[in-house]
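Each remark here refers to the structure printed beneath this line.
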Amino acid sequence: MKTLRVQYFAILREQRGQAEETLSTTAGDAAALYEELRAKHGFTLPVARLRAAVNGEFAAWPAPLKDGDEVVFIPPVAGG
Amino acid sequence: MKTLRVQYFAILREQRGQAEETLSTTAGDAAALYEELRAKHGFTLPVARLRAAVNGEFAAWPAPLKDGDEVVFIPPVAGG
Amino acid sequence: MSFRIAASPLDPAALKASLADAHAGACVTFEGWVRDHNDGRPVQALDYEAYGALAEKEGARIVAETLAKFPVTRVVCVHRTGSLKIGDLAVWIGVASAHRGAAFDACRYLIDEVKARVPIWKKEHYADGATEWINCATRGEFSDR
Amino acid sequence: MSFRIAASPLDPAALKASLADAHAGACVTFEGWVRDHNDGRPVQALDYEAYGALAEKEGARIVAETLAKFPVTRVVCVHRTGSLKIGDLAVWIGVASAHRGAAFDACRYLIDEVKARVPIWKKEHYADGATEWINCATRGEFSDR
């Protein structure tokens, strides 16, 4: 069991109804964590359309996690 | 014999020492006129590096002339 | 030589002045404006949201790549967040260089990479009251229209 | 939709404002600045001279070609004449369009064609007191150096 901080942006923030949370999980990596959260909160984007960031830097899927990590799921970007 | 008005710009204006003149010539076209003026004023640019304009519009060499025409010899441009 | 996320309106004149350089003969700027339509749908307003820390990190990498790839003297890019209306300035990019080819190529590279890589999101508000997070639609299962 | 020769300093902010258009999502500008060197020679100042009437006619043709070739909404180009010093603005081009690709391509086309075709000439003043009409040198027989 690890404790993680998750931040949500854009469509994920709206679908989650909040911008961040601290949670406990048995998920070993960010991909598994996303699937867990998706089932719980009804996120519409499949994991394949997201990128992950761990502790403020992009992390390649499945993006292994350790206790205390800060995780962000990054929906398809649309700047400019 | 025709009477023409010639305007000079840039390097030709400096080499001629004036910006315009009215002159009489037997030259049948602008190319011949330029050679006549080049011999007289020491213009350094060969006719092949110039364009001609007659009555405010580009004219393809040799650019035939008639009495009263306004002629401009256009050195290589360098805007921007 | 900077990339910045800004929550308040941009000042293009001041940004351009920061590119001034006696060695530069060319300056190319790109401005992204909020336009009144997208994919044929009338747009009334936009919200931009950024993951600020990572956006500035990724933006700085894009600026560094640009300086490495193109012979340019100065590069500035600033991207807005917040609520914008039609005609507002969403992103400003300016590049100065000795010769114009590099300035055009570098400016184009910057905006293309920023749009593809920097964690910024755009929500469109349509005339009919619907909204949409651009690029985030998923067929069938969910729609915020 | 205009090309203009101007004997007094340009106002880029006002020029850019003239491109504003609710349908436009992209604006690309090109500025030509007087730089302090050319072909490795230190430059102190420039004179631009134009054959005004034909320059404006040819410039208007280039603008018309640009509008025909690229899906852009607005195009403005103004070129200075007179004495300019280092850092001064010699030419300003702005293009607005729905999408950025057309704005970049149109802006590049405009400056390339203006430089190649519009009867404007540039005299450089060098640090050593010499001057030169750019592109007008002829080998051997004459030099204004």
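Letters A, B, C and D name the chains as they come in the text, with residue numbers starting at 1 for each one.
We take it that contacts are C-beta pairs under 8 Å (C-beta built on N, C-alpha and C of every residue); 3 or more make two chains touch, one makes a residue touch a chain.
On a predicted model such as this, the values are computed, not experimentally measured, just so you know.
Student: Can you give me the shortest step count from subunit A to subunit C, moving only between touching chains?
Tutor: The fewest steps needed to get from subunit A to subunit C is 1.
Student: I'd like the Å distance between the centres of subunit C and subunit D, where a centre is the mean of that chain's Cα atoms.
Tutor: The separation of the two C-alpha centroids amounts to 26 Å.
Student: Would you mind pulling out the distance in Å between where the CA atoms of subunit A average out and where those of subunit B do?
Tutor: 74
Student: Indicate the whole-number Å distance between the mean C-alpha point of subunit A and the mean C-alpha point of subunit D.
Tutor: 50
Student: Which residue numbers or ranges of subunit A touch two or more of the other chains?
Tutor: Expected reply: 80.
Student: At least two partner chains per residue is the criterion; list those residues in subunit C.
Tutor: 32, 100, 111
Student: Let me know each pair of chains that touch one another.
Tutor: In this structure, the chains touch in these pairs: A-C, B-D, C-D.
Student: Help me check something: in the complex, which residues belonging to subunit D touch subunit B?
Tutor: That would be residues 32, 48-51, 53-54, 57-58, 79, 90-91, 111, 114-123, 133-136, 138, 141-142, 144 of subunit D.
Student: For subunit D, which residues count as touching subunit C in their complex?
Tutor: Counting only subunit D, the residues touching subunit C are 12-13, 16, 20, 22-37, 86-87, 96, 98, 100, 103-104, 107-108, 111.
Student: Note which residues of subunit B are touching subunit D in the complex, please.
Tutor: Answer in residue numbers: 7, 9-11, 13-14, 42, 44-46, 49, 53, 56-58, 72, 74-80.
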